[in-house]
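Structures follow.
Both complexes below contain chain A, partnered by chain B and then by chain C.
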Partner chain A sequence: MLGYIIRRLGVAVIVMIGVAAITFAILHYLSPTPAYTVLGSKTTHAAILSWDKQHGYNRSELVQFLSYLGGVVHGNFGYSYKLNQTVSALFKENAGRSAYLSGAALVLSLVIAVPLGIAQAVKRNSPGDYAATALNFTLYSMPSFFLGLILIQFLALDWGIFPPGVSDTVTSTWQAIVHPQQLFLPIITLSLLNVASFSRYMRSSALDELAQDYIRLARAKGLSERVVLTRHLLRNACLPIITLVGLSIPYLVAGNLLIEVLFNYPGLGLLFYNALQLPDYNVMLAYTLLGALLTVLGNLIADVAVATADPRVRLD
Partner chain B sequence: MRFKPSHRTGAGRLWRLRLISLAVALAAVAAVAVSVTGASSAKNTIGHAAANAKAVPIDGTLLTGTLPKSGTARHGGTIVAGQLTGQTPTNIDPIINGATCSTDTFQFVADMYIPLYYGPSGATPAIDPSHSAGLPPVYSNHDTTVTIKIKPGLKWSDGSPVDGQDVAFFYYILKAATNASPSNWCQYASSTQFPYNVKSISYSGNTVVMHLTHPVNPTWFTYNQLQDTNGGVYPLPATDWNVNSSGQKLNDWATNPTDALAIYNNLNNTNGADSLAQFATSPLWKVVDGGFKLQSFNTTNSSYVLVPNKSYGLSPKPTFTYDDNTYTSETALLDAMESGSVEIGQLDAGTQLGSIPTLNRDGFSVFGAPEWGWFGGFINFKDTTNHFNKVAGQQYMRGVFAELINQKAIVSGVYHGWAVPAYGPVASAPSSPFIPSNATKQDWPYSPKKAVATLKAHGWKVKPGGQTTCAKPGSRKNECGPGIPKGTPIKFVWANQPASAAATGVLESEAFASEAKRAAGINVEFQSKTFGYLVTNYNDQNPAAKQYFNDWGVNNYGGINTDYYPTEDGIMNTTGALNLGDYANPTANKLMIRSTVSPSKASIAREVAYFSKQQPVLYFPVQDWITAVSKKVGGTTGGFLQMTQQQLNAALLWVNK
Partner chain C sequence: MTEPLSPSQQMEELGRAALVLPGPGGGLHELMPEGGQVQVVSSGWRLAVREFASNRLAVFALVLLIAIIGFCFLGPVFYQSNQTYSNPLVSYLAPGGSHLLGTDENGFDEFGRLMLGGQSALEIGAFASLVAIVIGTLYGAISGLIGGFVDGLMMRLVDILLSIPFLLIVLVLATKYNGTVLDLSLVLGVFSWLVPARLVRGEVLTLRTRDFVQAAQTMGSSRMRLIFRHLIPNAMSVTIVNVTFLIADSILALALLGYLGFGLQFPHTSWGDMLGNAQNYVQNGQWWLVYPVGGILVVVVLCCNLIGDALRDAVDVRLRRR
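Presenting the complex of A and B:
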C-alpha cells in the first residue's frame, strides 16, 4: 500500500503543477500584470513599467511561473496588495474557521444521515420512508444559498431564534466553536444538504447489504435486530459513505463559498469571493491550488480508507 | 476623484427571499419589457413598476424618505454601523496609496485625523468650515500665494498643538512619496498638480504659506487640490511621526528628501506600523486630532471600534463608542439591521426598497439623495470593431444615443424615484455652488423620433427593430462621417457589472438598448464583467489592457466621484487617468485647463455646458445613496444629510436618550 500511496502522491504533484500552470496562464491572459490594480487608477505608464520590473512581471511568463512555483515550495504564495497582507497570512487566518464550519457540518450530517439511511432501508416503502425520501429530494434539489435564505427568513428574522449572520466578534476558530448559536444556521444549512445526499447513498447501500446472506445468517442465529444492524450491517453499508466523505475533504478548508458569503462568515470561501471582485490574483491562484491539492488528497484518502475498511479492495 | 461602482460597494449580493423584493424586481423587469414592446412616450416606456417615492428639496438637494430626528444626546453608549466587504479600510496613514484607496478608507482616516478642509457641507458638495482644521485660505499675488491659518485650539492627543509645521510636514512627506512613485498617493493626478504646483512652503506658528508655480483658480485649488473630497491635505503630527523604521528621529524632513522618504516608508511599512495588525497598537497611530481614536481593528474583515478622543478641538464632541462592522453583502447587512444588531446601514436601490416599510416599523428612518458625481457608460473611442471608434466619434451620433435614453422613465421605473436625471457631468441635484442651474440643462432631450431623423439626415439607412447601416459614406453634412464605410452597422458591445452586483445598472442599460433597437435599429450586445475587470481591462489608459481595445464599445461600470469644483480635469482630458474610453478633444482640454487656472467663475460653467453638449459618455441618472438610521441614533441635520454623499462623519452623531 505504501508504494501505491507514494505513486499517487507523485501523480498528485504532477496534477498540482498542471493546475497551477493552467490557472497561472488564465490569470496572466486576463491581466499580464496586477500593476494597474495595485497602483491605482491614477498611475502612469512609467510607474507601471517600474513596478513590473521591481516585481518581476517584465520577465517571460515561463520564468514568472517557475519563480512562483519556487515560492510556493517555500510556502510563499505572494502578497495581497489590496488586503495589505501576505496570502499565507490570510490563509492561515481564515482556514481554521472554514475547516470548523465544514467539519462541524460534515460530522453533524453523518450523525443524522447514517442512522436515517439505515432506518429508511429497514422500513423501506413505509410512510416514514416515503416522507424522508420526499424531504431528502427537496433538500437535494435545493441550492445551498436558497436553503440558507429560507432558514434566515424563518429562524432569524421571523422567529428571532438565531442571529441572521455571524457577528464580528467571531474573529477566531475558537470563538466560532464557543459561539454555537452564531454558527447554528450556517452549519445546519450545510448539514441538511449533506444529509440529503448521504442518507440516499446510505439507504441504497443498506438495502443491498440487507439482502446479503450474512445478514440472513445473523438473524437466523437469533441475534437481536439492533446487533444485526450495528455490528454487521453498519460497517459494510458505510463503504460508499467513506468515499463521499473523502471527496468532501476539499470543502473542509476550501470553504463553502456561498454559505460564507450568505452568513457573513469570514473564511477562505469569502476570501476567494472578495478576491474575485477586486481582483486579487495571488489570492485566487493560491485558493485554486489549495482546492486542487485537497481534491487530490481527498481522493487518495478515500481510496485508502475504503481499502482499509473493506479487505476485498486491494490497492495495487 | 475616484471610480464608483454602479451599486457603490463593489461587493456582490444575493437575492433575499422576500416577496416584496421579488415583486419589485419582477415589476422592474416587466417594466423594461414594456419598453421593448414598443411604448415610446416618456410616460409609457418604462411604466410605473412600483409606487414611486417622492423627493423634497432640502439643503440644495432632493431628499427622498424621512430624515432622522436630531434627538437628545446622552453621554456614552455605542453606535453600530455596517460597512460592506470589498471597500473596507486597509490603510490608516492619511497619505493613502493606490492599492488601499477606497471611500471607506478615507472615512476611517477622517474619523481620526481632521482634514485641512473637510467636506461635504450637509448634502452640498462644498467645504464645511466648522469641521475643517484650517480657516478659509487667503489668495494673494495674483493667486500664486495661499495663506492658511490653522484654527487655534486644535491639539494632538499628546497635547501638542496642531500648527503650520504639521501641514508642511504633510507636504514634504507627500512630495518625497510621490517622487518615489505616484502610486504612493492615490489622489496623485499629474506632475503639474499638488504637491508639484507648490513651489515652496513656509510656516510659522499656526500659519502656513504656499507659494505656487503659477496662478490658479482659487476655488479649484482650494477644493480640488487642498480638499480633494477629504483625500487632500491633512495636518500630520510632525513631532511624533518624524521617525524612520528603526525608530530614529529625523528632523530634517523639510530639507532632506531621503529622510522624508524614510519617514513615509515607515508610515507605509506594510510589515510594520502600517500592517493591519499594528493599526490599534502602534504608538504612531495613537496620536490623533480627530473626533475618535482607534480602540481595535479586526484584521480579518477590517471591522473596527473607535472611542472618543478627549483632545478633539471641534464640536460637537463625541462621547460614544463607534463600532463599524463588516458585512459580506447588502443582504447580510439588511438582515443585521432588521434583527437589531446594526443601527446605521445602507440599502441598495435595485433590490432592497421593499424592505423600507419593515425598517420603518422597526424604528429606522430611511432616506436618500443623489450623491455628487455622475453615472454613465464610457464610450470607447479606440474600438475599431464595426468602425465603432468612427461611429461614436461623430458628435451627432452621441447626441442620437442620448436622445434614446429616457432618463425620467428610468428614474421612475428602475429606481422608483430614488434617483435624479443627469444630462451631463453635473446632475440636477445636489446643486453645486459653482455653476448656475442652467448649466445642467438637457441638450439632447429624449426623443426617438428626433434620433431617427438625425440618423437619416446623416445618410444612415434606418431599420427600426433591425440593423441600421451607413448608406451614404463621406464627410459632408448629410453623410455618415469620415472613416465610416458604406454598410457599417451601428452595433457595439456594452459591458456592465453582473445583475447580481448592480441590478439597476443592468436594467437601465437594457432600457436604452431596447429603445435603440426598436426605434433606431441600433444593436447592443451585452457583456457582464466584474467591477475590477471593467476598470482595469476595459480601460484605454491602462497600458496592460491593449489587448482589450476592440472588445468593448461602452463600459458602464458605474461612474465617477468628482471633486466638488466640478471640472472634468483628470477625467476627460486626453490621457486623463480616468479617461477610460480615450476621449480626445482639444477644445475640451482647453476648457478644462481654463477651469483650473482662470480666475473667472464662468469658466467652470462653460466647461460643464460643453460636456453636456458633447456627451463623451452616455450619462445616466444619478441614483440616491440610501441610508437607514435607527431611532437610537441622533445627530445634526448636516450629519445625516452628509450620509447621502457617502460620508458618515461619526463625530456629528450621538446616542439618543
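Presenting the complex of A and C:
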C-alpha cells in the first residue's frame, strides 16, 4: 500500500508539472508580460523593456517557467500586480471560506443523497422513485447559477426565509461559521447539484446490492428491514460513493466559482472571477493549478480510500 | 422477453425460425429465398433504431428538441421583431400586447430574442462538439492503432489535460477569445475532445485484433485507409452516443460563460448572455427575462441527456447482437 501511494504520488508530481507547463504556456501566450498593467497604457516602449528586464520577463519562456516552478516549490505563486499582494497571501485569506462552503455542501449532499438513493432503490419503480429520478435528472441538466436564482426567488424573495446574498459583514471564515443563516442558500444550492449526481449512483449501487445473496440471507434470518438496510446494505452500497466523492472534489471548486459569484461570497472562486475581469494572470494561473492539484489528489485519495474500505480491492 | 412483440419483431422471429424446417424426408431442410427475393436481415443499426424508438421518453425528447430547433431557426420568419437597434423607450415592458414575452433592458423583444439566443447557443453547442469529436476520434484512432510507446505518450497527454478543470481553462481562454460564434466554439471544442479520444482508443484497441482489420492489414491497407475505412466507422456507435452528451455539456458551459460575461458580443446573444443580469431581474420582479430563457435552456440540455442515455442503451443492444 505504502509503495503504491509513493508511486502514485510520483506520477502525480509528473502530471502536475505537465499541467503547470500547459497552463503556463497558455497564460504566457495570452499575456507575455504584466508591464502594461503596472506602468499604465500611456507608457513608452523603452520603459516596458526596462521593466521586463528588471522583473525577469525578458528571459526565455523556458527559464521563466522553471523559475516559476522553483517559486511554487517554496510556496511563492507570484505577485498580483492588480491587487498589490502576493498570490499566496490572497489564497491564504480566501481558502478557508471556500473550503467551509465546499465542505458544508459536501456533507449536506451526502446526508441527503445516501438515504435518498437507498430509499429509491428499495421502492424502485414507485411514483416516488420516478419523481426523485425526474427531479435529479432536471437538476443535473441545470446550470448551477439558474438553480441558485430559482432558490433566491422562492426561499429569499417570495418567502423571506434566507437572505438573498451573503452580506458584507462576512469577512472571515469565523464570521461565516458564526452566521450560518448567511450561507444557507449557497450551501443548499451547491448541495442540491451534488445530490443530483450522487443519488443516481447511490440508487444503482443499492439496487445491485439488494439483489445479492447476503441481503436475502439477512432477511431470511428475520432481521428487521431497518437493520438489513443500515447494517448490511449501507456499508456495501456506499463503496462507489467514496470514489464519486473523490472525483467530485475538483467540481466542488469549479462549482464554487459560480455560486460564489452569484451570492457574492468572498472565496477563491470570486477571487478568480475578479481576476478574469481585470485580467490578473498570476491569480488565474494559481487557481487553475489548484483545481488540477485537487483533481489529481482527489483521484488518488479515492483509490486509496476504496482500497482501505473494501478489502477485496487490491492496489498494485 | 416479457413484452409482446411488435408485428415487425414477430416477422423477424418467424423468419429466423422458417430458415430451418424439418424436410419431407427427415432431416433438416433449409428454406431458401426464392429468386429475386432478398431475406430480411436485421442489421445492427436497425436493431439500435428500433430499440431507441421503443423508448417513449427518448422519442418525446427527440421530438421536443426538433421542435425547439425549429422554433429558434424558423420562428423569426413568423414572428418578426427588432433585434438590432436598442430602444430605451420600450425597455422592461411586461409581457402582453405586441410583445409576447415583454422586452429587456435594451427594448429588444424577449420572445424574438429567445429565438436569436437559441440559434447561437445551438450552433455553438453543435459546432463545439463537432470540433471535439473530430479531434477526439482521430487522436484516439491513431493512438490505438499505433500502440506501444507512442500510444502511451499520447494517452499521458490526455491524462494531463484531463486534470485541468474544464471550466477554468475555458474561462481563461475566453478572456481573450470571446464574442463570436467561431471563437466560443473553438474554445469549448479544443478542451472537450479528451473523453471521446479515450473512448475511441478503447474501441480501436479491441477492433484492431478483429479478423477484418487483420485481413485489411494483410492485404496492404495503408494506416490512413485502415483508420478511415475500417476503424472509425466501426467505432462510430461510441462516438454518436458521446456527441449528444458533448452537445449538452457545451450548451451548459456556454451558458456559464455567458452568465459570467464571456459570451457573445452585443447585439448578438446566446441564452447564457441573456441571463447575465438575471440576478437583478429576479430582484426587480422581471420574471419574463429569467424563467423562459432558463427553462428552454434546461429543456434542451435535458433532452440531449435523455437522448444520449437512450442511444447508449440502444447501441448496447446492437453490440450484444454483434
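Criterion: the second predicted complex is superposed on the first by the 311 of 316 C-alpha atoms of A that agree within 3 Å, B and C clash if a C-alpha of one lies under 4 Å from a C-alpha of the other, contacts with A are read in each partner's own complex, and residues count from 1 in each chain.
Quick note on the criterion: a residue touches a chain if its C-beta (ideal position, glycine included) is under 8 Å from a C-beta of that chain, and two chains touch if they have at least 3 such contacts.
What you see is a predicted model, and the numbers here were worked out from it, not measured in a lab.
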Chain B and chain C placed together on chain A: clash or fit? clash
Could you look at A:V227 and tell me whether it touches chain B, chain C, both or neither (first, second, both, neither)? neither
| said: Is A:I22 touching anything from chain B or chain C once the two structures are fitted on A? First, second, both or neither. | reply: second
Once chain A of both complexes is superposed, is A:L155 in touch with chain B (first), chain C (second), both, or neither?
neither
The chain contacting more residues of chain A, comparing chain B with chain C, is B
* Examine A:L30 and indicate which partner it touches, taking first as chain B and second as chain C; both and neither are also allowed. => both
TODO: Examine A:Y81 and indicate which partner it touches, taking first as chain B and second as chain C; both and neither are also allowed.
DONE: first
Original post:
After superposition on the shared chain, which partner residues are touched by A:A292: those of chain B (first), chain C (second), both, or neither?
Top reply: second
Have a look at where A:Y273 lands relative to chain B and chain C in the superposition and call it first, second, both or neither.
both
Touching A:I301 in the superposition: chain B (first), chain C (second), both, neither?
neither
Report task. Classify the contacts of A:M284 with the two partner chains as first (chain B alone), second (chain C alone), both, or neither. Result -> second
So the chain A residues that chain B and chain C both touch are 30, 145-146, 149-150, 152-153, 157, 164, 258, 261-262, 273, 276-277, 279
The residues of chain A that touch chain C in their complex are 15-16, 18-19, 22-23, 26-27, 30, 137-138, 140-146, 149-150, 152-153, 157, 164, 250-251, 253-254, 257-258, 261-262, 272-273, 276-277, 279, 284, 287-288, 291-292, 295-296
Within the complex, chain B is touched by chain A residues 30-33, 35-45, 47-51, 81-85, 93-94, 145-146, 149-150, 152-153, 156-157, 160, 163-165, 167-168, 171, 258, 260-266, 270, 273-274, 276-279
In the complex, the residues of chain C that touch chain A are 156-157, 159-169, 171-173, 175-176, 248, 252, 255-256, 259-262, 272, 275, 278-279, 282-283, 287, 290, 294, 297-298, 301-302, 305-306
Per the touch rule above, chain B residues touching chain A in the complex are 2-3, 10-12, 14-18, 85-86, 90-91, 97-101, 181-183, 186-189, 270, 274-276, 298-301, 303, 325-329, 331-332, 335-336, 338-339, 341, 501, 530-533, 535-537, 539, 541-545, 570, 577-578
